[in-house]
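In what follows, chain A forms one complex with chain B and a second complex with chain C.
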Partner chain A sequence: MLVWSRSGRLVLWVLFALIFGVLFLAPLAVILLSSLADQWNGVLPNGLTTEHYTDVISGSAGRAVKASLITGFLASALALVSGTWAALSLRLQGPALKRLLGLLFFIPSAVPSVSVGLGLLVAFSHPPLLLNGTVAIVMIAHFVLISAFTFGNVSAGLARLSPDFEQVASSLGARPAYRLWHVTLPLLAPYLVAAFGLSFALSMGELGATVMVYPPGWVTLPVSIFSLTDRGDIFAGAALTMILVVATLVLLLGLERITKRATGS
Partner chain B sequence: MSDAVAIRAPVARTESGKFWIVPPAALLALLFFYPLALIARQAFLDDIGVANVAEVIRVLHSRFFLNALINTVSISIAATAGCLVVGLVLALILAFVPFPGSGFIARLIDTFIALPTFLVTLAFTFLYGSAGMLNAGLMETFSLPLPPVDFLYSAWGVILAEITVYTPFILRPLLAAFSLVDRGQIEAASVLGARPFRIVRQVILPAAIPALIAGGSLCLLLTVNEFGIVLFIGAKGVITLPLLIYGKAIQESAYQVACIIAVVNIALSLGLFGLYRFAAGRLGA
Partner chain C sequence: MSAAAFTGTSVMDIDAAKVRGAGSNVHFDKVSVAYGAHVVLHPLTLDIAPGEILAMIGPSGSGKTTALRAVAGFVRPASGRIRIGATDVTDLPPYERGLGMVVQNYALFPHMRVEDNVAFGLRAQGADKALIGERIKDALATVGMSAYARRYPRELSGGQQQRVAIARALAVRPRVLLLDEPLSALDAQIRRNMVEEIARLHRSLPGLTILYVTHDQTEALTLADKIAIMRDGRVCSHGPTTELYRRPPNRFTAEFLGRANLLPVTIAEAVGSKGFATARHGDVTLTGAGRDEKAGDKSLLCIRPQHLSLTADSEHTNRIVGTLREVHWQGELTHLVLDVDGTPVRVSATRLPIALPEPGTKVPLFFAPADTSLLPEDAGV
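What follows is the complex of A and B.
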């Protein structure tokens, strides 16, 4: 214990509560409150209603949720396969190449998302690679942006893996493919699930690259939240934001449960 | 370790294994590095495809570009400084003056990493906007004719929102570093009469400096790249590089101008990424 006096501790806890309340708790609480607000002219809403939720659900929200979930799922699945593949095959490289390639796989996370979108527009707007205006270009943008995170998570998992299991398997005569499927990948499973969950969450909230490339028929949740608030319909925007937050949290908690059950802890 | 080397697969197998990296590397090259190279090429070509270097010089000297650059850098530095201070205070209390439920609170703050950044801006509109809770409260209490609080639609609004969103990125490495600090050392110092400030300065801070540098450079990178917060605040005076790229490409269809700005923005980001990798490497991560 750093501070022994009771009053000193109390002062610090009040300071903590103040910072936490203003910066983290108030924004979440106010989004929830405003998504349920009937009319809001004073300090607090005049009344509560679920009208905004029924409005957005009967309107564009259903399609936006679907677009976000499909984009998030496919982009994360592709990023998981490619990130795991890259992390595993990087182990077979010499140290110098391993360092360089490892760095290259991380670079997409450093480039601003708007520029990733701009690059895709410039590269894929002409035949033979005409993807501009298709759903595929949205998936590609999301894949590029989250690929570094899955690669990083899987690499971190691999680094923590004890090499003993694989060595025992191979000294017992297990072929590389058998060893990969029955030893390495099961040991990596918790990291794979965590990587998938994080990239899904990032994809659900992605805005910068999506606003650059999305076609009219494929409006994701963040884009439709922006167009609602831009039109001045901030209460509907708040309701849709709550839907996005709940969907993201349910997804992350669900995946965490699966991992815990699978690892038996 | 020598046993491990002895059991290792024969050399021939690892040689052929080198090619397994090709598919994911090729995918990334096609979908990321090729478009990136085209941005650099397009920066020197006008929208019909003719070389136009004069435009590069014009844009780099233009007021809108320089304003956006200054905005981006100053907002990023201010927000990172804020994140470092807030993150350090929160981490010190969470780690060394814990209270019932502090573990849960730390996890709650951590989930902010997964939430979309514009959520905070939208919330700030309800809290601090001209018709928001704070202004309504102040106007009612002091019967003021006009909303007194007016920082949201300025750089300060962006900075406060970014502090909220990016403090968890400082908190996470700091809490990891603090969990390694020897509690016995702190107790001993405190029994010997050292005051808390002195313990923080002489025992705790030296352990936290690598985490602060790594977290701080990550914050610089993320705040330079931030788009959602600035877009949602939508203040005319607060245009950053990512927002300018979006405006030029999508709203004005001026692709060469957008590419020129993107090259500068990407170079800035890659520089900060190098700084972060260097700092994280020194940290041993």
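What follows is the complex of A and C.
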């Protein structure tokens, strides 16, 4: 323990509560209240209602949730496969090449997502790569934006993995594919699940690139929220936001349970 | 489970019979390893006979682990060839070399139960289920871990994990077993027990060739048929364990393998037919076991601390006098440090006179010529 005095600990707890409360909880609480507000003219809503939830669920929310979940799953799965592949391959390269390629992988995350969307739109609007107006271009946009994070997570896991495991497996007669499937990937499982969870969460909240490329039939939750709030329908936007938060949380908690069961921790 | 002995059951005897004769010799033929311009193993030529335990010992960075990893296939020699039995394995990947390996942290697969860890190699090699079941049973019985088959590694103590790691390596019936500092993660008491247990295991599996890398001389002396002492990427001595201990060929070996007092002497009379030479240390004439020393040669007389006595007898015909500097009592042993003409001399005694002399007093020390070894002063490798 870094702080021994009782008063010192109390001050730290109050400071933590203030920072956490103001920066994290307050915005979420306001959105939650907005999603349930009948009217909001004063400090607190005038009355509470579930009408906004009924409206958005009976309207386009179902389709938006489905689009977001499918996009998040597929883009994250693709990013997980390619990020893992890249991390495993780069591990075998020399330090200079490893650094260079690792850096390249992170470039999309340093570019504004709107620019990534614009780039994809321009690149894929002419034959032979005509993807403009398709679901595929949304998937690609999400994949480009999140793959750096899966790569980073898996690389961190690999760096912590003792080479002894794989070497002992090889000495016992395990060929590379058998070793990868039965030793390396199971040992990386917590990092793979964490990478998938992070990618999924990022994808679920992605807006900048998606608004540039989404086709009319594939409106994701953030795009729906943006449209609603842009039209001034704040309460419906807030209800949709809460649906997004719950959907993401349920999935992340599910992944955490899987990780715990897999690692026995 | 305590660090009890590997079981001497009938299962082990059956297992031993199956493994007996399966060992292969290992031949290093001018094997060198380099990382860029940095040579970590200079051309090494060495043989390990079938069924032999060769211990490679040496300080950190001496190249011993590199040599083991070259046999395992994890480092590629810059030059030279490695043969296991009749097979040149230099260009073979590790999974085709037919080895078993135990490493310092055991590297048991944490997501597999003990039985699945032991079965790993056999499953990887596509063995049939019945054989795998039989081998799991045999290997776990050999190391006394049958009752722990369903446990996960995290549910085992360090000593138990070490046994499972050995069982896993034995289950594939390796041509050669590679042990890379397998006991260094254990505490001193368990380590002592495990050394004895590995010795017992090898007695029950006499056909098994073992390359044992360690920096611990006690492990090497207890287990090895032969020892190779490494220093700066080179073998500085190699030979049967007792021979290397009793007649170290150079100063580094004498000092690395056990403790040694090295008295500078000048040969007075060359080695005679009985293998002894007389030498002068200051005004004192001493007799020591020599090789081919000639009169006038500068030499070092090696005497192990436990061979020095404070009392004379008919065999202890050599006598030197030193000034007592320090006394360290360690229960079963007492260590005395004396100054003999500027050379520190250590005595390890189990029995001492009731009244020990005070530090600063002159004390005579006696030792037998047969317990000494002359080695050339300039062989400082």
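Following the convention adopted for this analysis, the second predicted complex is superposed on the first by the 246 of 265 C-alpha atoms of A that agree within 3 Å, B and C clash if a C-alpha of one lies under 4 Å from a C-alpha of the other, contacts with A are read in each partner's own complex, and residues count from 1 in each chain.
One rule holds in what follows: contacts are C-beta pairs under 8 Å (C-beta built on N, C-alpha and C of every residue); 3 or more make two chains touch, one makes a residue touch a chain.
Not measured: the values here are computed from a predicted model.
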- In the overlay, answer first, second, both or neither for which of chain B and chain C A:His182 touches. second
- First, second, both or neither for A:Gly208, with chain B first and chain C second: first
- Look at A:Gly47 in the shared chain and tell me whether it touches chain B only, chain C only, both, or neither; answer first, second, both or neither. neither
- Message: Between chain C and chain B, which one touches more residues of chain A when both complexes sit on the common chain A?
- Response: B
- Looking at the overlay, does A:Phe16 come into contact with chain B only (first), chain C only (second), both, or neither? first
- Message: One more residue to check, A:Gln167. First (chain B), second (chain C), both or neither?
- Response: both
- Message: Once chain A of both complexes is superposed, is A:Gly254 in touch with chain B (first), chain C (second), both, or neither?
- Response: neither
- Message: Contact-wise, after the overlay, does A:Gly62 reach chain B, chain C, both or neither (first, second, both, neither)?
- Response: neither
- chain A positions touched by chain B in one structure and by chain C in the second: 167, 170-171
- Taking the complex as given, what residues does chain C use to touch chain A? 72-74, 93-105, 107, 109-111, 120-121, 124-125, 152, 154, 168-169, 172, 178
- Residues of chain A touching chain B in the complex: 1-4, 8-9, 12-13, 15-16, 19-20, 23-24, 26-28, 30-31, 33-34, 40-44, 82-83, 85-86, 88-90, 92-93, 101, 103-108, 110-116, 118-124, 140, 143-144, 147, 163, 167, 170-171, 176, 198, 201-202, 204-205, 207-208, 211-212, 222, 225-226, 229-230, 234, 237-238, 241, 244-245, 248-249, 252
- Item | Residue numbers on chain B that touch chain A, as the complex places them | 4, 7, 9, 13-14, 17-18, 20-21, 23-25, 27-28, 31-36, 38-39, 42, 86, 89-90, 92-94, 96-97, 99, 105, 108-109, 111-112, 114-120, 122-127, 131, 133, 136-137, 140, 163-164, 167, 186-187, 190, 196, 199-200, 204, 221, 224-225, 227-228, 231-232, 234, 241-243, 245-246, 249-250, 255, 258-259, 262, 265-266, 269-270, 272-273, 276-277
- Which of the residues in chain A come into contact with chain C in the complex? 162, 164-165, 167-175, 178-179, 182-183, 186-187, 189, 262-264
